[in-house]
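Each of the next two complexes has chain A plus one more chain, namely chain B in the first and chain C in the second.
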Partner chain A sequence: MKNFGIVVALLLAMVVLHGCGEKKLNNVEYGIRNQILYYANGDEPKSVDPHLITGTVENNIIINLFEGLTSKDAKTLEARPGVAESWTISEDGRVYRFKLRENARWSNGDPLTAEDFVYSWRRALNPRLPNAYAYMMFYIEGAEAFYKGENTDFASVGVKAISPHELEVTLKAPAHFFLQLLDHHSYYPVHGPTLEKFGGVEDPTSRWALPENFVGNGPFVLKRWEINKVVELDKNPHYWDADVVRLQAVHFLPIDDQQAEERAFRSKQVHLTNTPQMDIEKIQVYRKDRPEVLRVIPTYASYYYEFNVQRKPFDDARVRKAFALAIERDLLVKNVTKGGEVPAYNFVPPDPEGYTPQIYWREDVEEARRLLAEAGFPNGEGFPVLTLLYNTHDNHHKVAVAIQQMLKKNLNVNIQLENKEWKVYLAARKNVEHDIARAGWLGDYLDPSNFFDILRSYAGNNNTNWKNPRYDELMNTIEATSDPARRNELFEEANRILAEEMPVLPLYFFVDINLVDTSVKGWYDNVMHFHPLKYVYLEASEP
Partner chain B sequence: MLRIFLQRCLSAIPVLFLVVLFTFILIRLAPGGPFDDERAVPPQVLENLNKRYHLDDPIHVQFFDYVKHLLQGDFGPSFKYPSRTVTEVIYAGIPVTLELSLYAFLVALVFGITSGVIASLKPNTLQDYVPMSAAMIGICLPSFVLGPLLILVFGIQLDWLPVSGWGVTPGDKILPSITLGAGYAAYLARLSRGGMLETLSQDYIRTARAKGLSGWRVVFHHALRGALAPVVSFAGPAVAGLLSGSFVVETIYQIPGLGRFYLQAAFNRDYTMILGMTILFAFLIIICNLLADLLLLWLNPKLRGRK
Partner chain C sequence: MSTEAVDFDLNRLEKGRSLWQDAFSRLKKNTLAMGGLVFLLLLIVLAVLTPWIAPYSYEEQNLMLGATPPSAEHWFGTDIFGRDQLTRILYGSRISLMVGFIATAVALCIGVTWGTIAGYIGGRVDALMMRFVDILYALPFTIFIILLTVVFGRSMLLLFLAIGAVEWLTMARIVRGQVMAIKHQEFIEAAVAMGMSRPRIMFKHVAPNVLGPIIIYTTLTIPSVILLESFLSFLGLGIQAPQSSWGSLISYGVETMEEYPWLLIFPALTLSMTLFALNFLGDGLRDALDPRVSKD
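The block that comes next holds the complex of A and B.
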């Protein structure tokens, strides 16, 4: 028994003393001294294979591991030279000729050539690879047919290596955002010899993108990946522009709990949080006590509710409109979400540089009541009790409760709240089993078609059962139109249809709320939530 | 003893088989699939994925395939992390969970038994009330309350200890071990107090005292061994509980242990991962209970003669 006591005491001492006398006090200070960024990234990434990933968690990492033909300016989001140092565009806007940098290299030192892009895009469009973003490449001539197996000869696709450093891309129709699109991960190059070594191009379970095998072409390279612990990137010495990269390493921490994330920031374990949502109550505290680290950034993203237009009484557009008009969005963002969200009267967020939709309606409780009465429910009488579906989350719950109360107060209708676990909620939405469902959409690139396309009659993400032939026709016309002014006119017509038909109920445009330590420099706020680390560095702030 | 051991090992086989069968059926009944995403996955992509992971086979074929691979020690690929296998993920998580559970168990043993013994020496005095009230609070305070409280005091106010991670910053293992162990320490305190009180009133203790043995010698040498029986029978399930129930603590402190993987696997509908974890935990629970039973036999010779 005595010995047992000694063993226990020794083991306890081990716990207490574990690692004492090691290097550092906290990650933030250690990071500043050694140019190592500690980055709270919200969740564990699925993969870092650019042709397999779909989420922002993965995207946050891989924009630093790969580089496309172009890259985006972190401040203005304009397309800038990436692997391509220059390009020319034909007069009809369909043929792009890129000149690739002679000094572009893979992270193992191999030269990066035009053939690598042909190989990679062919892989991205391989119908047997489960690439959910293959459609992003359908702007290229022949790409869609190749992906759908209608044409098995890749020579029919508009991508050609003219010389080792010249690539020609032909589009099926002019797309003014194409240069911006080239920075999307579906267009990133992958290293052929590495892929071939680990099971070829089609195998989603290939181990090529694990740290021990990884080859990329971005400013950083994958060094270490411990599941649920850390994804560690090191500076890539073979990167063509390595001289401007000042960070030596980045540690992405998969902190998936909002409160734990905030605590990690407060106790200086991370330099920044880059996850869209933050605990609502905490926002106020930071706004008051530490405004210098709180970043509230409007984003190209929409928060809305979907109606099931086949279900009575939502088959009547007047009812849908009455709901939209009865919600006091100013109160919602001021008292409920509290993050500085922008009240939305359109489905599509505004883009000051591009298309900003007109507003056709605002809150109008009188008009809402009139519409509801006209639809056969004067003062809400006889209106069935409908269900509002959302995924289990504190913030969504608060919004839903507020909407429920506003509808009761303004229209005298009763809504039941139903929260479901994430996958159950997704399945219910996908099968359009709901009356009303919460939804959100984040643009992949700055173009309104990102949003409008969702509501095409047979689009995979249209969970409303709403079908409108004129709207579909408009979308098809837009696809074939290159003149920006004409496109905006067509978008506006689509926007007007949405305002009249109201298949979705816009609530607000998202803001990202991040915590960024004052030592982080070169981190710019933008609507695309785009934060490449190439130019980021750490510098102790003045005491 | 060997016979009991072998008997129990054999009876574990049908238990494990039923665990596999029921888990397999239950996870398929849950709405939503592993590849559902907020953005609709194109039908062609879904078809490819289903084909790749044989989810398009009839369900009984899938089940027997799974069992066949399982018998060869292959838990299959993870659906969520395409380039990893379930075995790899388990290997990554198991040392962490074992370590955390071990430390928590030590915290429970040391604090629990010590305070139980102290309390039992002078029942119904302040020396009894203070540790027992603390134990009551420990039982009532769930780890998701205790964890953030400890973080607030020791991590943020006093700035003594790190608030997240595991083996990254010195001292980051202390708060999680205490948080996880506290509830069990409280139970153990009450159990060992009860056991001690009962043993201390036995005749052989009175005899020992009458012979003039010192108070400490009576307590540690004679009483404690008898008093620990309920503690040991509690310890088996407690270790199993520590292993499988650490996910709350792992989430609070962002520890890459099995509990977190298990929870995420359930949310992600990562079928193979859920199955792998469930089998592993079922196995661990069976082993822990078996060990506790064997330990009891060793501690209490009276049990050995029973069939």
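The block that comes next holds the complex of A and C.
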């Protein structure tokens, strides 16, 4: 009997302890209690070096690790003071004079000065650094020549530190979006002494951006990075505005599987998802059952396929055009992507600030067949089997499968699908090893030039091998033009060239579809998928 | 009546019965095994005839229709692209069965030969051959297959060979163990004494006597190979969209099982029924083929 008593006691203890185990807080509750945000970020970031990254996955993290001269408002996207507390713009709109904060600091406590910006921008423009975004800085006088090696003296570039806290920037031509652009990662400052310690400015594999060495100037610092597990950010105590930062830490989880992501959200393992698209089939369920957490936002972003125009037969514009004309975009957005995307007949999305591109073509299967026949492939005969590359992701797969079939049905052309993991996919595109590749572009600032610039002959993000001197010339003219009406005319001309040449195949304009727990405050919807965490905090919703 | 029966029996006795006749007559008595066999034959016939009997095209999409539950037009429902699920399962069975059988056959051929030789000859040859197997074992399988596909490109045939080339290792080990166990038995010694050549002993006397474990392991290999194919397809190495295999149908079905359960249920059901059939058949065959079971 004694033994029996002990057994009962043990069993009871087990039951009780087990109960405790079950009451263990999930990430969402734990996060609310400790101000730790759990963030589903879609994929493993390539790097957090602001001059090397290209993707939104990286950008989502990096906007919290660094701060530019200005800082975009999360709600309105207007440029607000960042590291610069104020600025003046010359009459002709070309010379900006920034007054930097006296109390701006690096995360190791070093003061942040105007020299740091000169150093960083010089690095960003270093032709030996594989910075795909260098062209974003060509608005600055002399930047392009310096990048192309035509001028090796950085003094010729329009960036000058007048005093430790005064920076003067001279532009080639007035650019109304320049203040906004300053919050782009290519303009972020990097910490010189740290870079020098780990291999210098030109080393793309430098270890300076690893957690143990990292120095930044944003509201958060890089704390821990476990590959395929988590990127952990801690609040930066040296940040000049640290008082308003309420989150203590952020955990970015690289969940690249949408089902897993949605389940993680449902089981309260993450507060929010911030990935391009969520699981398509789940959208309807959330619309019906939990509309309060579903955020559907039209975005200044384009989903398209890029051709390798050097690969036969894509060297023939008629073939590219035939492909574009043969895809039924309405069917695609209504029945495959299902998120309310807008079918695209232009590469550039309509700009919320004014420029609406004209449409020069629509789906036309007859015309597509005619063009293909003209290019030497009547009824698709003799057309080689080409490969469509996309990064491993369910939605991309679905779109690719639908398009594969449309091309087969409408043009009698067979294409193969090939999916690759994010980093491999980026590398393949960068080296233009593909025949056709999926691509997406999310506006970095609200101006059509952001989109058009990608297809300049030498742009780091032009993965098509397409080179058109007339187009480049137009882009240069646009840079030097400040009259909005004239700019729109020039944009339209560029748009017409794209419609004729079709180096990229527009599919649709994105909508952002994400899940955000009701406890997340200070998270605003905007057309640029821009979600800085400086003002975000967590608060339990009423019971 | 009675004389006739005796005559018949005498005739049969004169002819003698081979191992296979014997086995088949025993197999016929095993209902489960026969059921499995019939099911498999039916499946194979369906798979062969698919291009003529499939109600729809496996690749043609009807995006307007989308995913619909089973109905009179589409018995197994349609997938998110509006493709008929029944058709896709039928086409999938062509690939899955082919992968299952061909890859297993490859594994069987290499594995049994290797294992028998190593086990029978023994000594240094055995050590050498088995260390080779160990080395291949140590090679990470996925990387090996990826390497093969990178070098030789993506083709169905290569996929069969690659899977087979990896699956034979366990087979070789099992066979070797069995051969070691029986090679000192009297009937082998008798064969040696009678001056039979080594290869003849190995493949005439040794191999048939290890059939039991081989068959069991084969019936286990086929399903694992079918599943392996789906894993490779998921990695983008196996079959390519818009083709389907059971494995790929299931893996996509899993993703949408909450919204469209029929996309998971039907292919999963087909696969599991096939696996059951294979297991029953394998079980029956082993009983039937075991030469140690006394003849009735």
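Methods note: the second predicted complex is superposed on the first by the 339 of 543 C-alpha atoms of A that agree within 3 Å, B and C clash if a C-alpha of one lies under 4 Å from a C-alpha of the other, contacts with A are read in each partner's own complex, and residues count from 1 in each chain.
Keep in mind that, in the parts below, a contact is a pair of C-beta atoms (placed from the backbone, for glycine too) under 8 Å apart; a residue touches a chain by one contact, two chains touch by 3 or more.
Keep in mind it's a predicted model, so treat the numbers as computed, not measured.
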Which of chain B and chain C A:46 touches, first, second, both or neither: first
First (chain B), second (chain C), both or neither touched by A:417: second
Touching partner for A:259 - first (chain B), second (chain C), both, neither: both
Between chain B and chain C, more extensive residue contact with chain A: B
Which of chain B and chain C A:336 touches, first, second, both or neither: second
First (chain B), second (chain C), both or neither touched by A:409: second
Touching both chain B and chain C, residues of chain A: 259
Sites on chain B touched by chain A in the complex: 30-33, 36-46, 48-49, 52, 77, 80-84, 89, 92-93, 102-103, 106-107, 109-110, 148, 151, 155-156, 159, 162-174, 177, 220-221, 224-225, 251-254, 256, 260-261, 264, 267-269
Contact set on chain A toward chain B in their complex: 1, 8, 11-12, 15-16, 18-22, 24, 26-27, 44, 46-47, 49, 52, 54-55, 127-132, 134-135, 147-148, 204-210, 226-230, 253-257, 259-260, 263-264, 266-267, 269, 421-424, 426-428, 430, 440, 459-461
Residues on chain C engaged by chain A in the complex (per definition of touch): 59-61, 63-64, 66, 80-82, 236, 240-242, 254-256, 258-260
Parts of chain A lying in touch with chain C, wherever the complex brings them together: 259, 279-282, 285, 328, 331-332, 334-336, 392, 394, 397-398, 400-402, 404-405, 408-409, 416-420
